[in-house]
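Labels run A, B and C following the written order; every chain starts at residue 1.
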Amino acid sequence: MAISVLVLSERIAGEHPEATFELLGKGSKLAKQLGGELAVAVAGTDYPVQELGGADVILELAGLEAGAYAAPIWEAGVAAAIAASSPRVVLMSTGTVGLDLGGSLATRFGGQLASYVIDLDVDGEEILATAQLYGGKMLAEVALDSFICFATVIPGSFPADDGRSTGSPRVERIEVGEKPKAVAMAIREPETGGVDITAAPMLVSVGRGIGSSDNLELVQELADALKVPLSASRPVIDSGWLPKPHQVGKSGKKVKPSIYLSFGISGAPEHLEGMRNAEMIIACNTDPGAPIFEVAHFGTTVDLFDLVPELTERFGG
Amino acid sequence: MKIVVAMRQLADLVEELEVNADGTDIDRDFVKFVSNEWDEAALEEALCHKDDGDAEITVVALDEPDVDQTLYTALAKGADRAVKLTGHDPEGWIRTGDRAAILASWLERDDFDLVLTGVQAADDLDGQLAGVLAERLGVRHAAVVVGFHDADSAVQVEQELGGGTVAVSSLELPAVLGIQAARQTPRYASITRIRQAQQTQTIQEVEISAGGSLGGTVRKISPPKKRGGAEMLEGSASEVAERIAELIRSKGLARS
Amino acid sequence: MPVAGKKQLPDVVELESAIVKSPISGREWDVSGSFSRMLNPRVLTDYTYAGFAKIASLTGGESLQNCYGCGKCVPVCPVDLVGEYGPRKIHRRVQTGLDLFKADELWMCTTCANCLRVCPKQVNMVEVMPAVREAAVAAGDIPEELQVVMEKTFRYGNALGENPRKRHAWTKGAGVPVRVLSGDPGPVDVLFYVEDYWSYHPRGQQAAQAFARLLSHAGVDFAILGAEEKTVGDSQRLAGEKGLFEALMEEVVQVLDKYDFRRIVTPDPHGFNALVKEYPKYGHNYEVLHYTQLLAPLVGNLPLTNRIDAKVTFHDPCYLGRHNGEYDAPRTLINAIPGVELIEMGRCKGNSYCCGGGGGGMWLDGFNANHLTERLSERRVREAAETGADILAVCCPYEVSRFEDAAKSTGNERLKVMDISELLDMAIG
């Protein structure tokens, strides 16, 4: 049987990321609809095989050493896997690797690409993708009809459990002939600060709605009163108002506290990715249309500058 | 080092977006267009490199609503040259493939070491510009870049992988980088300086005819259906605070 | 600078045994155990003129160097009351090496003009500060909070960063028809220039609605610009963005030129100030009234039949009172309300305290908080509460939000903050 769906495992070191299983789960359904096999491309030769039972075939990208990453090297490797397997659909996530390789590979193979995809289906000859547009303020239905189609999928769109099955996929080794003019040098782990926001039972989290670093003290007082750490969305970190280990989201920490109390965070997909699994999310945002309210359990549009002092007071701050 | 910063306009998300008559794009007639915030980070990072050494910065953008504003602001902040590419419909949705083709066609004639652009844009449904552009130019690329420095004929790039983990790699120049964050918040160009730039500097216009499809057919766009969503707490700040305090206490997380 | 508000006492040097010798006559005095100025370090020669030269080279910056240190300005400076400020002190710090262009002090002056009122040397901070700020902003030195507001103003034409198309959303709740000129461009008597805070701030919108009802009761022919209106941006100018002010002026004038109106009426003393004093410098002359000035002569036409039995105190906005000499119109309106007893605060009229919102202070709350023992608005609200008043009446769109907030933060919730237009509206039967 021919390979119809190729999933890229974006594992650079350690475990396969959660997104790989989400894509495998969806990928196997698509492969059935398309009447072909599901393949997964994996960097290097030293990877946890047994977890990839959801796929029919594992394509080992030889020469992509685990533990380092360079876009052109990976691009060459995945391109070789695509050339060897000629799938109809290539699935990646909207993580760094997907953002890196999706556009260039689609261009290289003359295929069509849909990005920020949250759902996929087969519609006759076409692949139908539902994708977020304008940060989730719109949804687009895109029909891809090229010979080979690419989709970069927002993590969390499909259940990962569907992709975690045992099996014994065949392993094929892909040799990468191309010599990209790049060197993968190192993976640097983040400096660890004092606090570990992933371990806290509750977080007070603050976003760009705080306006300026001068106002940060306000939420710090609340966090102090509650004796919990302060976490933040990325703009707050980027501005240097809080150190990097406090960031929640795609490029920050994934947190799962009992209560996530957010102030002035809009709820961009990259942020939601880091906190949507919290047991209880309480969101304060003056914009009633803010996407954070879609994942929050409780919400309020009261101004954070009015609400925070009131809360602090109630907890003896 | 010659740095080209590719910037672009986007519908301002402050606005409530509406769908156009045939349901395949947003209604562009009444929205305000502003520059893509990630492109602003790319420009800032380029300017920081110029502050540190001898970078020469060209800002390039396709003709789009209010793009002159963005280009003059970049000049006021310290870019050396601004170029506007014309020859397409400036009012419509310029899809990634076309944008990349137009930029590539201009870049092929110009001399550059690095192209910086924002890692993403709110409407790049057909993929992010950096990779597509690089592939068209046949040069190296990297996305989600949080820092870089040049070393002779290569650039050493730091890419954010998630959780603060960074991948370091070295790419032979020329290269295209999708910038995720600059080392500092974008600087301020006073309106006086922007106006001075308007009076003393010019935007070079270049007509290009190029295109390249990449995306699929957009059948329809629509605002997402509100699903369930949060239970909204109504009332004054003090009443809402009381409700939240109860919720916190109900989880046994705080007393008093 | 010293920690918020704690004034430092001068070091007094008293030596157990001390003889002071005159350098001229050679005579000696025994000053053992007592204070003598001669024993205290004086550093009069310890500075250069460089700091003043740099400031004086700016248009508007000339007068700071004129200060001769009399100190009259310090006790009247509203910022000094909650911190360390005033022209005298700024002058001294520049003398001893402060780079005002880079200093936090640069942003603390509210341009309230109370110092100018008493200064014998006409040291004019209302010109000095904006001039230095303009240079600082051009060099990219601007507090982040303020930068955001400048960007929003430039982008959206309002300081709040609100959708320009929703500028007249407030009219829906007015209960009377409000004509928007773009849709109905015929001649009109009064062009109601709503300005930002009455257009967008929820409490401001209530005042705008009340005012529209008053105009309709008084039979005034009026209209607004709606989405075509942009802020005049006077506070942005005083906060150092003259370029932004000028850019806005071009657009404002272009819109005004399209329509046929007799006079402009605005609730915003800041916009009013610019239209009256700055626009003519550029050759743009309009008949402009503050809304209290329009209403005062018409108050007889308003059916003010509901009694409001309350003690009311009134806060003079710096830019209506001190800057433009209007103290009577608001008081005429307050006194016209049956039942109201007007009580003046100690600081009123020419010596009115500043709410802290002027000259960019409206957008530097977090920044200035680092240097002040309390907000100016809080200080003022306490003053208002001490009069025993039930209502603090205001007639500047910045103030309802500032004072309501301050009433809360100082525990004076009892004191209601209301715009005069809202009071009049309540009194209409």
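In the analysis below, a residue touches a chain if its C-beta (ideal position, glycine included) is under 8 Å from a C-beta of that chain, and two chains touch if they have at least 3 such contacts.
As the structure is a prediction and not an experimental result, all values here were calculated from the model.
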### Query
Which chain's mean C-alpha position is nearest the mean C-alpha position of the whole protein set?
B
### Query
Which chain maximises the distance between its CA centroid and that of chain B?
C
### Query
Is the C-beta contact count larger for A-B or for B-C?
A-B
### Task
Could you tell me the distance, in whole angstrom, between the mean C-alpha positions of chain A and chain C?
49
#### Entry: chain A-chain B separation of Cα centroids, rounded to whole Å
19
### Message
Centroid from C-alpha atoms only, then distance chain B to chain C, rounded to Å. What do you get?
### Response
38
### Query
Could you say which residues in chain C touch two or more other chains, in rising order?
144
### Summary
Residue ranges of chain B touching at least 2 other chains are 16, 185
### Message
Give me the residue numbers in chain A that touch at least two other chains, ranges are fine.
### Response
239
### Query
If you look only at chain A, which of its residues touch chain B in the complex?
12, 68-73, 95-96, 99-108, 112-116, 126-129, 131, 133-146, 149-150, 152, 180-191, 201-202, 226-228, 234, 238-240, 244-245, 247, 250-254, 258-259, 261, 279-283, 288-289, 293-303, 306-307, 310-311, 313-316
### Task
Over in the complex, which chain A residues touch chain C? Could you list them?
211-215, 239, 309
### Task
Could you please specify the touching residues of chain C with respect to chain A in the complex?
143-145, 148, 365-367, 369-370, 409
### Query
Along chain B, where are the residues that touch chain C in the complex?
12, 14-16, 30, 32, 34, 185, 187-195
### Message
For a test of understanding, state which residues of chain C touch chain B in their complex under the given definition.
### Response
134, 137-138, 140, 142, 144, 147, 150-151, 154-156, 161-165, 240-244, 246-247
